[in-house]
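Both of the next two complexes hold chain A, though its partner changes from chain B to chain C.
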Partner chain A sequence: MSRVLVIGNGAAGLFSSWLLARKGQEVVLVGRGTPSTSMSTGCIRTRPEGCEREMAEFLVNEHMPWAVGARAGLSKIGTPFRCWMAPSHSTWKYGEAPGSVTVVSIEGHPAIHVRIASSLLIAQGIRAEHLSLPIAVPPEVPLTAAFRSEGSWELLAKALRTTSSDAVLLPAMVPLREYGRLDALERQCGRKVLEAVTPLGPPGLRLTELMHARAAGAGVTIWDGRRVTALDIKGDTVRGATVSGGSEVKEVATDAAVIATGGPLVDGLNIKGRELDDPFGVFQVARSTDALRGGYASREGMMVRVDGRRMANAVAAGDCVYSERRDHGSGLAGALDSARMAVMALEGA
Partner chain B sequence: MRKDVLIIGGGATGAGIARDLALRGVDCLLLDMGDFCHGASGGNHGLLHSGGRYVVKDPGSAAECAVENTVLKRIAPFCIEDTGGLFVSLPEDDPLFADRFKDACRSTGVPTEEIGAEEATSSEPGLNPLAVRCFRVPDGSVDPFSLVQANICDAREAGALALNHCAVTGMTVEDGRIVRVDVQDRRGRLSSPIVPEVVVNASGAWVADVAGLAACTARAGLDQGSMLVTYGRQCRHVINRLREPSNGDIAVPSHTSTVLGTTSRPARSPDDSAVTREDVDFLLRETSALLPSLRGCRIVRAYGGVRPLLGGNGREASRSFSITRGDAVDNLVSVAGGKLTTYRLMAEKVSDTVCDMLGNSSGCRTHLEALGPPADVEGGSIALARLRRKYGRMASSISTSDTRVICSCEQVLRSEVTAVLKTGDALTLADVMRRTRAGMGYCQGLDCTLSVLELMMQGAKMDPLLALREFLREREHGISQASGDQLRQGLLREHVLNGVYGMGEME
Partner chain C sequence: MNEDRCIKCGSCTRACPVLNDPLGPGFPGPRGAGVDAPRFPERDSIGQIALMCTMCHACEWACPSGISLTLSMLRLRSGLNEADRLPGHRRMMDNIASCGRTVSTEFKGWREEGNRTLYFPGCIGLGRLTHLTEAASSLLTALGVSHDISSAAVCCGSPLLKIGATGVAEDLRRRNMEVFSRYDRVITSCPGCTNQLREVYGIRAEHMVEVLKGSDPRSKLDGRWALQVPCHLKRGLSPWAADDMASVLVAAGVDVVRVPGEDCCCGGGGGMLAGFPETSSSIARNKVQMYRSTGVDGIITACPFCSLNLGRQGIRVLDIGEALAPKR
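Moving on, here comes the complex of A and B:
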């Protein structure tokens, strides 16, 4: 058994460590900061090419069932959102849109914009109603914090019973452990409860938390809140890394490394002027016409040093990898798929 | 609709004329095809010139600036930050220029005081320590949006009618007089043509186009200038390079940021204000010679403006102004050139001409009467004092008991937006932004735009996607030139707007 160091706590890092741990490797994952994965909608927009089965297995969670296939949902401003795999309450089967929707909001809270959403629903041929909940939540307080008491959930259920639409569109407000609340609400009000698709909110956090739990469950050692500041490289081989967090700095030895540090958005790649740059100062970054789409170059699955030499035991996965195909907002499938390929490349090496 | 005077153009000049005439009891109508400040008045540095910049090459304009600088500080302190200014030369600059500057300041009446480089760097810690000669001047930072808004507010109170989003599209001339003016109102408030006694063409860079509607000529060269908005305040004073006015000479602290400028190139049309990447690189390089910390600084956005210049090209042209009567038309007065700093003086002179034509003998009062509340009114809460600085007299209509924030970058209250919407002037998201600053901060409206739109939709029927696209496209122009850390913000923006909301796909 050998030891693999995985750097990055987003979808790519968590999935690759899970895959490696399942194969019996000793895995240490070092990550810090809020990954893009947590900012995302938590819905996988495109079908990953080669790892559907593993993904379904990885994401399965009795607390939060996933729905797979061509799906559609509504963003918090009412625009249509299409995807391939999503937590069951975020979307419906493509082509089975509800004929009428009640948009639920809290006056002045930005979790959902009821007038914008209703207007855009109507534009799509969906009948829309407003329902403003009689509670006050300051705009900077997330709804997950406001909906902690039984009382608030009861109030919501009562309000939902007064509507007559096919479905209600709720702002995203449940944390992972409370996901079952949505099922209960659905039963209580007798109609489909849809959670609005939201960036920078609970769905992405839930996805990260779920993946985190799965990786930890498979035996991955996770060092949260720590950053790899330097890599110890001899020739074409990563031999260790410097990990720092808080007041502590330590050196760790490793037999292989998976770099899953994310794109420029989360600091996984540096931005110098308008160009991308490797923060470790070791690897080649392939540039793209759109500066921000560039990323680590690879050859036969392995990373490439600045001097053109191919690494023997370092692979990269996720947003930090160069990809012409990655579209804004659709990187989760790519991150998962490239994590699987990275693991395969390591095994081959 | 009959009116004594129709003023075309709601920039600083037009708004100033409306106030001036209204205070003299003249019945006037002010129109702008866009929002107020749609032209150069919304695309400049907001430098309240002391005159220093022009003393050597353009003493006439310098003297005008020097006088108006003190007038504006007196009548409109609420929208001016009296930061003071520094003129600073570096080792590579012509050493003789400093002496010429000093003499010229004396003869034009621009107050200056030469200080040692040490004193300069101690009062402006970010200044290049290699500074050679340094002069203090009474430059300031003025918020053009508040200034224009305050003029309009006052003009309305004195009886003027002022409408934005209402374009003048045609004029009928009979017997050497404009007898009818056709308009196109985006909101359908004005349905009939206007029958004015006198038409004032204060349309800035569009001056020739508007004169052309009455088959008259008005000449102004068009010249584009670019500016950058930095993240955070990078200096305390207005910083000017002590050399012949050229590109990349100026840094103006403004609200939460610093505005760096500017450049000069011929513009093909009044709308040709686009900023190039070369401008951005150039401005950063030049201004960081004065303030070295600007070198790696995060640029939030870039924007441009088009100046109408009198005679000559670019930096050669005078910054003074001219007032002309239509060559073949008796009742058309065109005004062109000038500065934001001298808008009041221009307005006074135009109003004098107009009153002459109307036989009205009342004199100008705009330099005597306060344009807004004094900067340091006694009493009231900190919250109210802040609103007074931002909105002038309008502050009293904003509730301070509702503390909900709608734009966290610029700390704009929801109640500020509500109050602005109540005035009926805000048709677009950008209109709200110009009045409240919601959307001007480093996230460039990613967070607050939807909340503002939601409020707008409470009162008016509108197509939200259209409104969003219009606003975001305008912001994107500026962001596309950003660099460094600000690119992260741009990337997040694309993820949210295009990736999640599908704004790009739904065209």
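Moving on, here comes the complex of A and C:
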């Protein structure tokens, strides 16, 4: 058994840790801050190329069932959203759109935009009405918090029974452990309950929480809230890292490293002038005219030092890796897939 | 400061225990108080509501852009008008003026024997929770750490910084440094004190959890215990020390139940306990309800503020020092 240090607490870091831990490696995952994974819609938009089976196994969860296949859903402003794997209430089977939808808003809260949503639904041939709940929630307050009481759910169910649509579109507000509330609500109101597909909200947080629990369950030691500030590299080998957290700094030794630090949005890569740059100051970064695509270069699966030398025990995965195929919305599938390839490359090393 | 790096993702607001509490709305949130307010000083002082924050660091921990939100909010506090001072905070300052501590002192067991180690219990341990201080002291003795408990040491100044009284905090630091100069080692029970001594005084104070880590205490505690992981231990001092808190207890034979949310704020920090007692106890009440639903017999923590605030909700709360103290 050997020690692997995984840097980054998003989809790529968590999936690769889980894969490595299942193979008996001793994995420490270091991550700081909210990953892009938590900011995403929590829906996997494109079909991952090579890791469907492992991914399905990785994402099983007792609280939140997934729907898989060609799916469609609606965003919080009513735009259509197509995807491949989503929490069961986020989408319907492609081609089976509801004929009418009631958009539910909460007074004073920007979680859903009823007017825009209704008109965009009508433009898609879906009959739309809207319902404003008599609960006032200040804009900064997370809806999850406002809907913690049984009372607000009862009020919601009662209001939904008065609508005449086939389906209702709710703002995303249920945390992972309470996902079952949407099933209960569906039974209570007799209408299909749809959760608006929303970035920067509970769906992404649920996805990360789920992955986190899976990785921890497989035996990964998770050092949350800590940042790797430097790598100890001798020749072509990563031997350890400097990790800081709170007011403490520690040196850790490792036999291999997976770098899954995300893109420039989460400080995984630096932006220097108009170019991307390696914050560790060690690895080659492949540039691209498209900011979404640039990232760490690799040769036969391994990372490459600035001086052109191929690393013996360091691989990269996720948003921090150069990818010519990365488009808007393909991030999660790409991150999972590249995590699997990174783990394969390490095994071959 | 680095507020201009904000990408408006809202991760901080989702992590904030105050905004997530039914009695929290009114607080502008970490983004409002930590990012927007300092950038728009022309909007004038945002007033008392800026103080409605427990300084738990959850927002800063969540921020993908690494913005120093708590520091930014602390600066805002130090610029508050005297007229904006909350009644509870005035009381704290009156207490400081009369006895050097934020609450009146009840502790009687001073030890001034010229030992090289100083045990520094902090204001709550000397005022409200003297049993905590007695237990921690007897545990230290059992571990072979001979120590003084000095009546000359005063409040560390951390709560004063939190309510924006920087001048008073500096005064206290000067008084304490004179006392500390007589010792080689300072041990605390309150992570707020430990942080203050390390960050502001520049002395390598140790928190009780750090002392316990190197030793081999045994516990005779029965029942199942959940943890309240203190904010200033985990997100202030060291996330590793927070991990050690659990492993020390498990190694000592305590039946520890890990529950999700154990590291969320109890509501007692940042001057909230005195400044906004209703919101503070609402956060504690909801947290205790969560603990009760897991069927544990009580909670073990490592911070006097957590002990006090959660204990007031009628659940059994022990400090780690009490959990591991030799039976008296």
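As a convention for this text, the second predicted complex is superposed on the first by the 347 of 349 C-alpha atoms of A that agree within 3 Å, B and C clash if a C-alpha of one lies under 4 Å from a C-alpha of the other, contacts with A are read in each partner's own complex, and residues count from 1 in each chain.
Just so we're on the same page, contacts are C-beta pairs under 8 Å (C-beta built on N, C-alpha and C of every residue); 3 or more make two chains touch, one makes a residue touch a chain.
Predicted model, so just to flag it, every value in this text is computed and none were measured.
S.K.: Quick one: chain B and chain C on chain A, clash or fit?
M.R.: Chain B/chain C on chain A - fit side by side.
S.K.: Quick check for you: in the superposed arrangement, does A:T41 touch first (chain B), second (chain C), both or neither?
M.R.: In the superposed model, A:T41 contacts chain B only, not chain C.
S.K.: Look at A:S330 in the shared chain and tell me whether it touches chain B only, chain C only, both, or neither; answer first, second, both or neither.
M.R.: first
S.K.: First (chain B), second (chain C), both or neither: which does A:I271 touch?
M.R.: The answer is first: A:I271 touches chain B but not chain C.
S.K.: For A:P138, using the defined touch cut-off, is the partner it touches chain B, chain C, both, or neither? Pick first, second, both or neither.
M.R.: Both chain B and chain C are touched by A:P138.
S.K.: For A:V321, select first, second, both or neither according to whether it touches chain B, chain C, the two together, or no partner.
M.R.: neither
S.K.: Touching A:W223 in the superposition: chain B (first), chain C (second), both, neither?
M.R.: After superposition on chain A, A:W223 lies in contact with chain C alone.
S.K.: Is A:I116 in contact with chain B, with chain C, with both, or with neither (first, second, both, neither)?
M.R.: first
S.K.: Go through the superposed model and pick first if A:L59 touches only chain B, second if only chain C, both, or neither.
M.R.: neither
S.K.: Have a look at where A:K250 lands relative to chain B and chain C in the superposition and call it first, second, both or neither.
M.R.: A:K250 sits against chain C, while chain B stays out of touch.
S.K.: Measuring by CA atoms in the overlay, how small does the chain B-chain C distance get, in Å?
M.R.: 5
S.K.: Taking the contacts chain A makes with chain B in one complex and with chain C in the other, which residues are shared?
M.R.: Residues common to the chain A contacts of chain C and of chain B are 36, 39, 138, 140, 200, 265, listed in rising order.
S.K.: State the interface residues of chain B toward chain A in the complex, per the touch definition above.
M.R.: Those in contact with chain A are residues 404-406, 408, 414, 447, 450-451, 453-454, 457-458, 463-465, 483-485, 487-488, 490-492, 494-496, 498-503, 506.
S.K.: Going by the contact rule set out above, which residues of chain A touch chain C in the complex?
M.R.: It is residues 32-36, 38-39, 137-138, 140-142, 144-145, 148-149, 177, 200-201, 205, 223-226, 245-248, 250, 265-267 of chain A that touch chain C.
S.K.: Where on chain C is chain A touching in the complex?
M.R.: 7, 9-11, 13-14, 19-22, 24-25, 28-29, 31-32, 61-66, 195, 198-199, 234-241, 260
S.K.: Under the stated contact criterion, what part of chain A meets chain B in this complex?
M.R.: 36, 39-41, 75, 77, 79-81, 108, 110, 113-116, 119-120, 123, 138-140, 197-200, 263-265, 271-274, 291-292, 327-330
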